[in-house]
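Let me begin by presenting the structure, written as C-alpha cells, before commenting on it.
We call the chains A, B, C, D and E, going by the order they appear; numbering starts again at 1 in every chain.
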Amino acid sequence: MPTALSVVIDALPYLLQGSLLTASIVVAAMLLGLVIGTFMAVGLVYGNKVVRYLLTLYLWIFRGVPVVVLLFLFYFGIFNFFGLPFSAFTAVTIVLGMTTGAYQANIFRGAILSLPQGQFKAASGLGMTDSQAIRCIILPQILRISIPAWSNEFSIILKDSALAFVIGAPEIMARTQFVASRTYQHLAMYITAGVIYFFLTWAGVMALRKLEQHVRIPGYSYNGSR
Amino acid sequence: MNDKHSILKCTNISKSYDDQLILSNVSVELTKGEIKVLIGPSGGGKSTLLQCINCLVIPDSGKIVIEDHPIHLTRKPDLYRLRQQVGMIFQDFNLFDHLTALENITIALCKVKKLDKPAARKRAQIELEQVGLADKATLYPAQLSGGQKQRVAIARALAMDPKILLLDEPTSALDPTLIGEVISVIKGLADKGMTMIMATHQISLINNIADEILFMEKGRIVEQGAPSVLLGKGNESRSQGFCDKLNDLAAVEG
Amino acid sequence: MNDKHSILKCTNISKSYDDQLILSNVSVELTKGEIKVLIGPSGGGKSTLLQCINCLVIPDSGKIVIEDHPIHLTRKPDLYRLRQQVGMIFQDFNLFDHLTALENITIALCKVKKLDKPAARKRAQIELEQVGLADKATLYPAQLSGGQKQRVAIARALAMDPKILLLDEPTSALDPTLIGEVISVIKGLADKGMTMIMATHQISLINNIADEILFMEKGRIVEQGAPSVLLGKGNESRSQGFCDKLNDLAAVEG
Amino acid sequence: AGKLVNGIDANFPPFAFIDKTGQPSGFDVEAMDWVAKEIGMEVSHQPIEWDGIITSLLTKKIDIIASGMSITEERAKKVNFSIPYWVIKQVMVAKKDSSLTIDDILNGKKAVGVQQGTSEAKWIKQEAAKKGWNLKLHYYSSAPLAVEDVLNGRIDAAAMDDAPAKDAMGKKAVKIVGTFGMHDEEFGYAVRKEDTELLKKVNAALEKLMGTPEWTALIEKYELNK
Amino acid sequence: MELSPFYQELFTSLNRGVIMSVALIVPSAVGGVLIGILAGTVRTFGSRIGRAIGDGYAAVFRGTPLVVQLFVIYFGLPNLGIYFTPYAAAVTGFTLCSGAYQSEYIRGALLSIKNGQYFGAQALGFTTFQTIFWIIVPQAIRRAIHGCGNEIIYLIKYSSLAFIVTCIELTGEGKTIATEYFRFTEVFTIIGIYYLVLVSLAMLILKKIEEWLYIPGFGHH
C-alpha cells in the first residue's frame, strides 16, 4: 500500500500542471471582470434610468444564481443555442468573468460614490466632457481605492475556478479527486490541494499589494495596507 | 473695447430640487472687469447660483448669454464651451487627488485645450509661479497646506484663460493663518482686471474689491448695491440684520 | 482655597517621533482659574503639547502633577484618572458619530463615571441647556452644524466635571458665520472661572480672555507673557514676526 | 478516419481513472481504445464531471460514454446503449475486522453509506420502506468517501458496485461482506440517439472484442474477477 | 394542475433541501459575523500575539478552498479522535470560513474610522477596551454592513458544498434527483431559481437590518 507521502509526491507534478490551468482561468476571468465591472460601474452611477435598470438586473442575476448553474446554462444552453464553439476553458473564463464582473461593478460603484462629488464637478468646471472626466479623473482614483477589495474578489474567484471541471476542464480540485479516487489517500490529497491554493492566493495577494504600493499616492490610507 | 458692454448675462434663472424652489428668477449681469460679491445666510442659494452660471447645475429655466453667444442648456457641446470660458474656484479646492500640482493644471490643458505635453507643462509652470508655488509643482494635494491647495486651484482655473472667474467661499475652509495668502492672490487678480463673481463673507475682500454686493436669501437677490451703501451704518433694509452681524464679526476680529 | 497654588504642573515634557524632536523640555503650570493661550506657527507642537498634558500622547520624559498627585506615565489607571480630570475640546469636535447629542454626553457618564441612566440623562440635559442646545438632544452629529457640534463637544467635556479644559483650535474648523456662537460659550466659561489652556489664533479670544500667551516654535516655548506685551506694538522679540502677522490679519478683517 | 471523444468519470477505478502519469486509464479506457481502432477512428478520453456527462453527450461536447455506465430505463430515454459488456453486482463493504453479516447490516439499526444519486441508493431506500429494514442511510458524493467513513467508524457499512469495492479492498482495510439482494446491473456504452451508424459499428466491435483473448487479459489486468 | 412524477419528486426533495439549507445558512451567517467582529477587532487592535493568531486564521481560511476545509474537518479530524456530525461539520466549516472573510471587512471598516473618535473617547477617560467596544466597533459595523452582506450572499451560494460532508441540502437533493433521471439542465435551472429567491430574501432582510441600524451620516450616500 503506497504511503500518503509517496502518493502526494508522485501526484505533485500532475497537480501543478492543473494549477497552471487554474491560474490562467483566474487571470483571464479577473481581467474580463475588470473590463465588465468598470463599464458597468460607470453605467450604474452615470447612466440613464434604462441603463441603470438593465445593469441592476444583471447584477441581481449574476450575484443571485450559483456559478455552477450559470455555467450549465451558458455552456450547455446559451453558447450551444447560438452555435458558439467555445472550448471548456473559454466558456469557464467567460462565465467566471461575467460573474466577477458583477461583483467588481459593485465594488467600483461603491468607490465612485465614495469619491467627493467635487472631483467630477471640478473636471466639468474646467470644460472636460463627461467621458473625459470619468476617464481621466474618476477611474484612476477609484481603481486605486478598489485594489484591496479586488484582492478579496481574486481569492474568491481563484477558488470558484474549481468549477471548471463541471464542464471538463480538469484543474487542481478535479485532479486532486482523480488521484484520491485511485489511491484512496483522500485526506493527504485534499490537504495538498489546500496548500497549493494557499500559495496561489498568497502570490496573487502579494502581487496586488506590490501594485497597490506602486500606484499609491500620498494622502490615501487605503484599507488593509497600513 | 466697450467696458459697459456685458460679458455675461444670466436672466431669470430658476432651479428647484424635489419641488423645493432653490433659485427663483435670479438675474445677474457682469461687464468686463466687474467684481460682484454674493452674501447671505447659509442655504440662501449662493453656491447653487454660481454653479448654475457655468451649468454645473443645469437651471430649470432661464437664459445664459456669454459674450453675445446664447447657451443652449440642452446641448452638451455648448455647455463644454461655456465652462471653458468660465473658471471656477471651490470652497474645498477640489484638486484632483491623484495628480501632482503641476499635473492638476496640465491635464485640462491637454484634454480640453488639446495642447501638447511640453506646451501644457510650460504654461502650467508659469501659472504656478504666478501664485508663488513654482517649487511645489511635483507635490500631491495631500502634501500641500490648505492655502497652497487653493492657490493651485486658482492657477488651474487661470490656465484655461477664462473670461470670468466664479469663486465659492474660497477662503472659508482655511485656517485663519492661511487665509492671508489666498486673499492676496485674489486681490492681485482684481488689480489685473479679472471679471469675477464670488460668494464670500471675508470682510476684507468685500470692502476692498467688490464693485457691488448681491444679498441673497431664500433663492432671491433681495438687495444689491455698493459695499459702502449696504454695509454702511444707516442701512435700514432687509439685509440689515445680516450686514450688522458681518460688521460685528469684523469688529470682534479686530 | 489658595488661588496661587498650581492645579496642574507639567515639567520638562519631551516627545519625539521617529528621532524627530517635537517637544523639548516644555514646562507649563496652571493655577486655578488661569487661562493660557498657545500660539505659534503650524507644526510648532501646540497640538502635541496639549495631547501630552492629558497623555493622549505619552511623553517620552517629563513629569505631570495634577492637584498634587503625580501621574505615573506607565500606569494605565493613572492615565484614565488624569483624563477624567482634564477635559479636551478638539479642532474637529470628535463627537461620536453613532450617538445622538444627548447620548454623546451620557455614554461617558455611564461608562466612566458609572452613573445610572436616568441620572446621566438628567445631567446631560442640563449641560446641553447650558450651551443652548436643549432642543437638539436627539439629533445625530451629522445633523448638526459645525458650531452646534463644537458646543455639544464642550457640553460633553464639562459633564465630566473636569478641573481643567484643554482646547485645540476650537474654532478653526468653523465657517466664519458660525464662529461667534462657540466664542461666546468659551467666553462664558472664562467668566465662570474655568481653568483653561488653549491653542488658538482667534484674536478676539486672545485679547479678551487670555491671562498669558505662550509662543511655541519648533517644540519649545520661546516666549511668554501677557497679551498686551506680546501683541503690543513695541515688541522686539523672536515672536515679533508672527504676532505682527496676527495683528495684520486682525486689521485686514476690520 | 473520424475522431471520437469518449467522456469518462475518472473517479471510478478500475473502469476509468487517471494513472500516475496523468493519463486516462482503466478497463473501459483500454477497451474503448481497442474498439476505436477496430472501427477505424481515433479516440481521446475526456474526464468530465458525472453530473454533466449526459448533457455533454447530447450537446456534442463528447461523442460516446464508455465509463461504467449502468443501463437504466431513465437513461435509455435520452441516449442509446450498446450491448451490455459487464454485469455488476451490488455489495456491502465493512471494516476488515468487522463481524457484521448482511442481515445485521439491514436489520440491526446500522448506518449504511451510499453514493448519492446511484441506483443502489434508490433501491435500498425503496426496499427498506417496503420490507421494514431499520438501517439508516448516509449519502456521500462518491463511493470512496463512503469507504473513508466506514474506516472512520461513522458508518458501519457502505453499499456499492463490486468492482470499485474490490479496488478499495486492495488499498484500504475493508472487506466485502456480500451481496444484499439487489438485482444485477449491466454496463453499456452510451451514444446519441441519432448516431445509429456509430452504435452499429461499436456494437459489432464490442462483440468481437468480447470474443478475443485480449478481453480476458483486460479482465485479468484490472482484477475484475478476483 | 397535475405535475408529472418527476416534478412532484423534484419539488418534494427541493423543498426538503431548502429547509436544510436555511438551517445551515442562518447559524453560519450569524456565527460568521460574530467571529468576524471578534477576529477583525483582534486583528486591528490586539496584542502582537493576538494579531498574529488572527492574521494566521484569516490567511488559512481565506487562502484554502472551503471544500478542503470541510473535508479536513469531517474526514481529517477523526484521525485525532474528533468526530463531527455532518451538520455540525458543515456549520463549523461555514462559520469559520465566513468569519475569516467577515473579519477582513470589519478590519477595513475599523481602519476607516477616523482616529479622532478614538481620541475623543480616550480624552473622556474611557479605557482602551471601553473605547473599542462602545465607540469604534458600533461605528465600524455600520460601515462594514455592505461587505458583510455580500459575504452572506456568498455563503448562501457556498452552502451547497455541504454535500461533501454528506449533509444533503438544496443542491444535494436536486443532484440526487438529477442523477437518477439524468435531467441536469432542468434541475439546475430550478435550483438556480430557488437560490435566486433565497438570495433575494437575504437581500431584503439585510436591507431591513441596514435600515434598522441606520444613523444619519453612515452608509447612505
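We adopt the following convention: a residue touches a chain if its C-beta (ideal position, glycine included) is under 8 Å from a C-beta of that chain, and two chains touch if they have at least 3 such contacts.
Fair warning: this is a prediction, and the values are worked out from it, not measured in the lab.
Of all chains in the assembly, none touches chain B and also chain C. Chains joined by the most contact pairs: A-E. Averaging C-alpha coordinates per chain places the centre of chain B 81 Å away from that of chain D. For the pair chain D and chain E, the distance between C-alpha centroids works out to 37 Å. Here the CA centre of chain A is 51 Å from the CA centre of chain C.
The set of chain E residues that touch two or more partner chains comprises 75, 184-185.
Residues of chain C found to touch two or more other chains are absent.
In chain D, the positions touching at least two other chains are 51-52, 55, 145, 148. Applying the touch criterion to all chain pairs gives A-B, A-D, A-E, B-C, C-E, D-E. By the touch criterion stated above, chain C contacts chain B in their complex at residues 41-42, 169, 172, 175-177, 179-180, 183, 201-204, 245, 248-254. In the complex of the two chains, the chain C residues touching chain E come out as 51, 54, 56, 76, 80-81, 83-84, 86-88, 90, 92-98, 107-108, 111-112, 139-143, 153, 156-157, 160.
Within the complex formed with chain A, the chain D residues making contact are 7, 10-13, 17-22, 46-49, 51-52, 55-56, 59, 61, 142, 144-145, 147-148, 168, 171-172.
By the touch criterion given at the top, residues 75, 78, 83, 86, 163-164, 166, 168, 172, 175-182, 184-185 of chain E touch chain D in their complex. By the touch criterion stated above, chain E contacts chain A in their complex at residues 59-60, 62-69, 71-72, 75-76, 79, 101, 104, 107-109, 111-112, 146-147, 150, 153-154, 157, 160, 171, 184-185, 188-189, 191-192, 195-196, 199-200, 221.
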